[in-house]
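Some structures are shown below for you to check.
The following pair of complexes shares a single chain, chain A, combined with chain B in the former and chain C in the latter.
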Partner chain A sequence: MALRTFARSTAAMALAIGATAAGAEPLKIALVETLSGPQASTGLLYRDAVKYQIGKINDAGGFGGEPIELLEYDNQGGPVGAADRVRAAISDGADVILQGSSSAVAGQVTEDVRKYNLRNAGNEVLYINLGGEAMELTGAKCHYYHFRTSPNAAIRVNTLLDGMSEAGVLGGKVYAMNQNYSWGIDVQDNTVAAADRLGFTVVEQTLHDVNKIQDFSPYVQRIQAAGADTVITGNWSNDLLLLMKSASGAGLDVRFGTAFLDQPGNIGNAGAVAEGHFLSAPFNPEVNQDQTAGFMEDYKSVTGHYPSYVEPVTVFGMMLLQEALKAVEPTEDGLNAADLAVALENATANTPMGTISMRAADHQAVLPMIVQEVSRDAVYKADNTEFGFVPIKVIAARDAEQPVQASCKMKRPG
Partner chain B sequence: MKFAPLLLLATVALLIALPWLVSGSMLNAAVQMLIAALFAMAFGLLCGQAGMLSFGHAAYFGVGAFAAVHAMNAFGGAGLLPTPLLPLVGGATGLISGLVAGYFSTKRTGVYFAMITLALAELLHALASHLKAVFGGEAGVSSFRMPAWGIGFGSLTDVYFLTLVWTLLCIGLLYLFSKTPLGRITLGLRENAHRLRFLGYNTHALGTLIFAISAMFAGIAGALQSMNIEAANYVVLESHISTAVVLNSFIGGVRVFLGPAIGGAVMTFFGYVTSDLTRVWLLYQGIIFVLVMMFLPRGLVGELVERLRHRSGQGVARSLGATLLRLLCLAVAAAGAVFLIEFLQRFLSSEYRAGVSEGNWPAISLFSYDWAPLSVLPWAVGLGLFGLGIALVVTVNRRVADRQEAQA
Partner chain C sequence: MPLLTGVSVDQILFALLNGTIYGLLLFMVSAGLTLIFGMMGVLNFAHASFYMLGAYFAYTLQPLTGFWLAIILAPVLVMGVGILVERFILRHVHEHGHAHELLVTFGLSVVIAEMIKMVYGKFAVDYRVPAELNFAAFSLSGIDYPFYRLLMGGIAVVMFIAIWLLLTKTRVGIVVRSAIYRPQMAEALGHNVPMVFMGVFGIGAALAGLAGAVAGAFYTTNPNMALELGVMVFVVVVVGGLGSMGGAMAASLLIGITNSLAVGSDLRIADLMSLVGMGGWAEDLGGLLTMRMSSLAATLPFFIMLLVLVLRPSGLMGEKE
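After this line comes the complex of A and B, so read on.
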């Protein structure tokens, strides 16, 4: 055994000496995602998208002449498992940590990375947040080594309201119906804040229990009583489906503006009930057809399905990382994460939806958003139904951008 | 049983030497195992010794975790509460909340008791997401372990020793408690609460006290957890944390003293290792629980203790031989089952379906061989191994039974 190790290390050394020009160690990127249990479906989408784009980066030569190694860790759905796996990833040599499917986990990972970097100056790791949309991740909890490549509540709500207002479907009376936790409260606050700018009144605001309500009819009655034209909601999963179904069952004539209507299964479950409702998301397959069609087909040929929900924006975030990696020189032990952080702040990537970039002030991605409507006329149908998403308005990255939160006090190195 | 103290000493020595023996990742697992062991022991006191099945122990674990994280932020690891003493805060809040919750829930017994504990835990969980100031909202409350007493508490080894000292201390205290008169009456509460009342004991006060002590140790475990990850998030109050401790304790054996601790440690280790190897580790965990409940209802440790206690006329060597033979046959069956499950999981995965085109079924790579899904071979290997293993176990069992009959 000892002899074999010796022989192996000698061989490795010989290789390393012979190939110093080609770079020493492959860059390791760790995906710490929910890959098992009840919330695994979203985690697996992130995994598909990350694997797809890492494959593209490696086809284009990888980093420092070596293919990038993607390490996968299962955070078991919660912050405790994530804290464990972040430690494991760092001790396995990962320089970049990717995660997206839950803000609770994101809150843990970003703090773990911050503390690790404080204790191990000169040996930093980077956290790329692919989808934790809670405002405080780029607010009170923002720090230099956290980068968010997905939109957040402010971007979602403001682009949604802008798009609906321009399309003339917003109406004068808006009802804010949200889940009673940080995400729902963020959505509600942003809806109320936009009222003066867009000239509507928020007739009522409701915060309800998260994923506990089976019968939404009392809430629908309140919408009816308030005489709302539009309901703006950050609800997801069952809370969104049951609310829409209950409204449709009561014969209520309101339009829903949503953030997560494109979650796989939603359109399949809601069917015609979802028709005419709106969504603001960073991707629509009918925008920029000449580029997007190629991306759609290529993605399908690799993963077996068209990109949807969080997958496109994850791919775009990885494109941004790819551009940043091009600007970084590999060092002897792989990669200096501080260099990559600087490069990421200056990176821009051309995606099928337009140009995306990273804002240096709070490390929130600035990306185009597409306001879209559920319609039978869509080219790409969702969940094998006759419905899909038709783009109503493409909001360019600089128009979708929202101000930096005052609570973000980022300490920059040096 | 003269070798018991020796065994104990050897285990403690091994635990102390662990940081120099295993990798960082395994040491991390060891910290989790210790915390799970202490949490399960706290649950075991209530469920195993006092016979009260609580379905809401996550509440006291979570209360301890949040108390510790807030204390960590308030004191900064200095002054009255230096970092190593922070679990005391978790214990104190656990004790107080346990007294309150215990007062209500121990008014009833059996199923009603379980329902009340479940309801109280869910109440706290539902409240937690609304009280952002206390529970930190979706992103949780985070903190920073400060150096104290000349120890940095930055490295994993420091955290490991902190957890180890607290866990051993608490398990020691629980052992001593079980030897006190109060600890003996606890067993009476489980066996026959009515008779205890006729003897003049106040069973409600007794139940409340036991509940509070159990909650106190759960709180200490929660505090250790939030010190380990330097944060607390309201997902620790979710019901699956409560059910996990029930499963762990029962797998270990809830009625023997160290049963819950070993169950907690073993199942945490199992999850830690398998979750990176396979996506369906939760299925295996469930299968293990069902099998343990069906064939070893006393739990792993409970069964072991029982076997050692009732050594029959036949020699130890022979019964050990039969057990080893059974385990070997079971391993064959398990290999077959694992092969089948893993093969099916890959066969049904979306990645595989992406590669399937008209009439073309690519081979599936599993255990460093490529298997064609349409051929008989992989299915025969899986089913064959499984069937062979089961058949062998049945044969061994029959032989052992025959021999016992012949001797009788």
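After this line comes the complex of A and C, so read on.
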């Protein structure tokens, strides 16, 4: 340990000396993601998107005349690994920490950052949450140095239900099927809360283990027994795929409303089974074609694939950061995180989907959402199949916005 | 009875059928594992990786050969991989003992998973049940029962009978069993014991490959599938008794059916305690006591394993301690 600290400080010193010679120290941004192991597929998408937009920022001159340095840390998919990597990132001199996949990991990172900032007043670090969508992150756990640039459970569920209701496909009986952890419980709670407003009944609510179930047929049987028209689910990855396939195999005539159906591989694996199911997401390639087409092609030319799933909203979040950085004066050791926090609260960015901004009260991004359906008519096909996502309704940022949670008691500095 | 409120006979029938078929799938994978352990004493950590390889091989072959030939050829290829692993890796490690075998097979499972990711990508591939097999076998109170599920169950049953006959009724079976119990004597009688071991390992791998080729199309074929099933397969083998084929069958069905019934049940521990007049106390305490059975379903197999290990450490039908 001692040796490692020594090596690290020597390396940091060498870097510092090198940097003073060149001018101000470059801004260091740390990506603490799941880069290995079974859940790495999503973490690597976050990395692609972050790299893409930081490349853009550096092309435009970087920060304080220096290109931004992106440090990568592998949290190995769990909160324990993340806690360790966050410590390493901070000691390596990162001013901003980025993380997205898994609300469970996000919960750990945001607490670690909050505690670090309490102990190191005047030398704070900032946590930009690119994709942890559990409500508590901008609720009970909210704090001044956490910013969420993705939607949250309330935004996802309410826009999804609004869009499906307006398209006349929601039906009167809704089944809430979710994974048993913070995110799944939030989706369930928000579905139940919207019942009176949109005039449907929640016939049953089920929470099940996360990514452990191979055989969903017993659950499908419950859906059938409950007589549901629609299943609203926050499930992702295998839990979503297997549930849909099992329902289709049983000949069940239900429509799925989902949050993560656009994960790569889902449409390819489900095929025709996915047709007609709904998704609410912050991006669709067919919206604002004149701007979006350029973004799609440029992203593909840099990363080798079209942006999908978590990538677009991550790019948009980094655009917001880019706008905020323009309003911040560089200091000798990079930047002052407190300045950046103020700038982020006031930042707006023009994305291909429309304007996104940061709400000062709880640091939740306010962004447009697109309710979409899986269809053969899509322009951009998913996973080389004949299916893709067709926009049904574009919900403007202010309409997608959900109230600030009462549990968020943010303590502002000064 | 709070147990049965709102549950029809049809639903219970379906739950039993679902549980049985899922159990049979678990058996298909664990059969190879328990066979290898029972005969060679090798606890093969990479076994579920053979299951994954079977699925990916069948996915690759399907466009070239059609579905049926693909699920026949894929296990043959997996057997080839298994034989190579036994011949060139395990055989050298065997003499160093169980710890080394475990480590080597564990490493192998990681290597296979990473190679799959390199070749086929990180996400699920579009390996699906062919359209001509994708129909309902029968329909009960509004739910179709997919024919393919019955097919999977049928293949598992045929496999069980075939292995049983092979081991107990044929000359090959006699040689294999004697090679296990008295290797020196079998060798002295002119049988090639290392060859027998290699064959057993290959067959065990092929069984897992067959399960993967069949089940991969029904569930999903992705780089995590070995991990997802691997743990459950070990639970089955431990509950059934290491090395016992009949035990593996019993444990698979037990786990499949309890899981399926638990998902459909809203029973809580608090409800059970109210039968002895402690319901109110349990409600107040909350926590685990008021959790629904359905949200604990995936944890039940581990609970069963714990119970079996405490009460009968050798497993349901195991002979070895």
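Worth a mention:
Keep in mind that, in the parts below, the second predicted complex is superposed on the first by the 391 of 414 C-alpha atoms of A that agree within 3 Å, B and C clash if a C-alpha of one lies under 4 Å from a C-alpha of the other, contacts with A are read in each partner's own complex, and residues count from 1 in each chain.
One rule holds in what follows: contacts are C-beta pairs under 8 Å (C-beta built on N, C-alpha and C of every residue); 3 or more make two chains touch, one makes a residue touch a chain.
Predicted model, so just to flag it, every value in this text is computed and none were measured.
By the touch criterion defined above, A:238 lies against chain C but remains apart from chain B after alignment on the C-alpha atoms of chain A.
In the superposition on chain A, A:225 makes contact with chain C only, while chain B stays out of contact range. Of the two partner chains placed by the overlay, neither chain B nor chain C lies in contact with A:403. Of the two partner chains, chain B and chain C are each touched by A:180.
In the superposed model, A:83 makes contact with chain B only, not with chain C. Once chain A of one complex is fitted onto chain A of the other, the partner contacts of A:268 are limited to chain C, with no touch recorded for chain B. Once the two complexes are overlaid on the shared chain, A:122 sits clear of chain B and of chain C alike. Residue contacts after overlaying the shared chain place A:112 against chain B, while chain C stays out of touching range.
Applying the stated contact rule after C-alpha superposition, one finds that A:209 touches each of chain B and chain C. Overlap of the chain B and chain C contact sets on chain A: residues 40, 44, 180, 209, 212. By the touch criterion stated above, chain C contacts chain A in their complex at residues 6, 8, 11, 14-15, 18-19, 22, 25, 121-128, 134, 136, 139, 142-146, 148-149, 218-224, 227-229, 232, 256, 259-261, 263-264, 294-295, 297-299. Residues of chain A that touch chain C in their complex: 38, 40-41, 44, 180, 206-209, 211-215, 217-222, 224-225, 238, 241-242, 245, 249-252, 263-266, 268-269, 271, 383, 385. Of all the residues in chain B, the ones that touch chain A in their complex are 23-25, 28-29, 32, 126, 129-130, 132, 136-140, 142, 144, 154, 156, 225, 228-231, 233, 235-236, 238, 271-272, 275-276, 279-282, 350-351, 353-355. Of all the residues in chain A, the ones that touch chain B in their complex are 35-37, 40, 44, 48, 72-74, 76, 78-81, 83-84, 87-88, 91-92, 103-104, 106-108, 111-112, 115, 119, 134, 136-137, 141, 180-183, 209-210, 212, 300-305.
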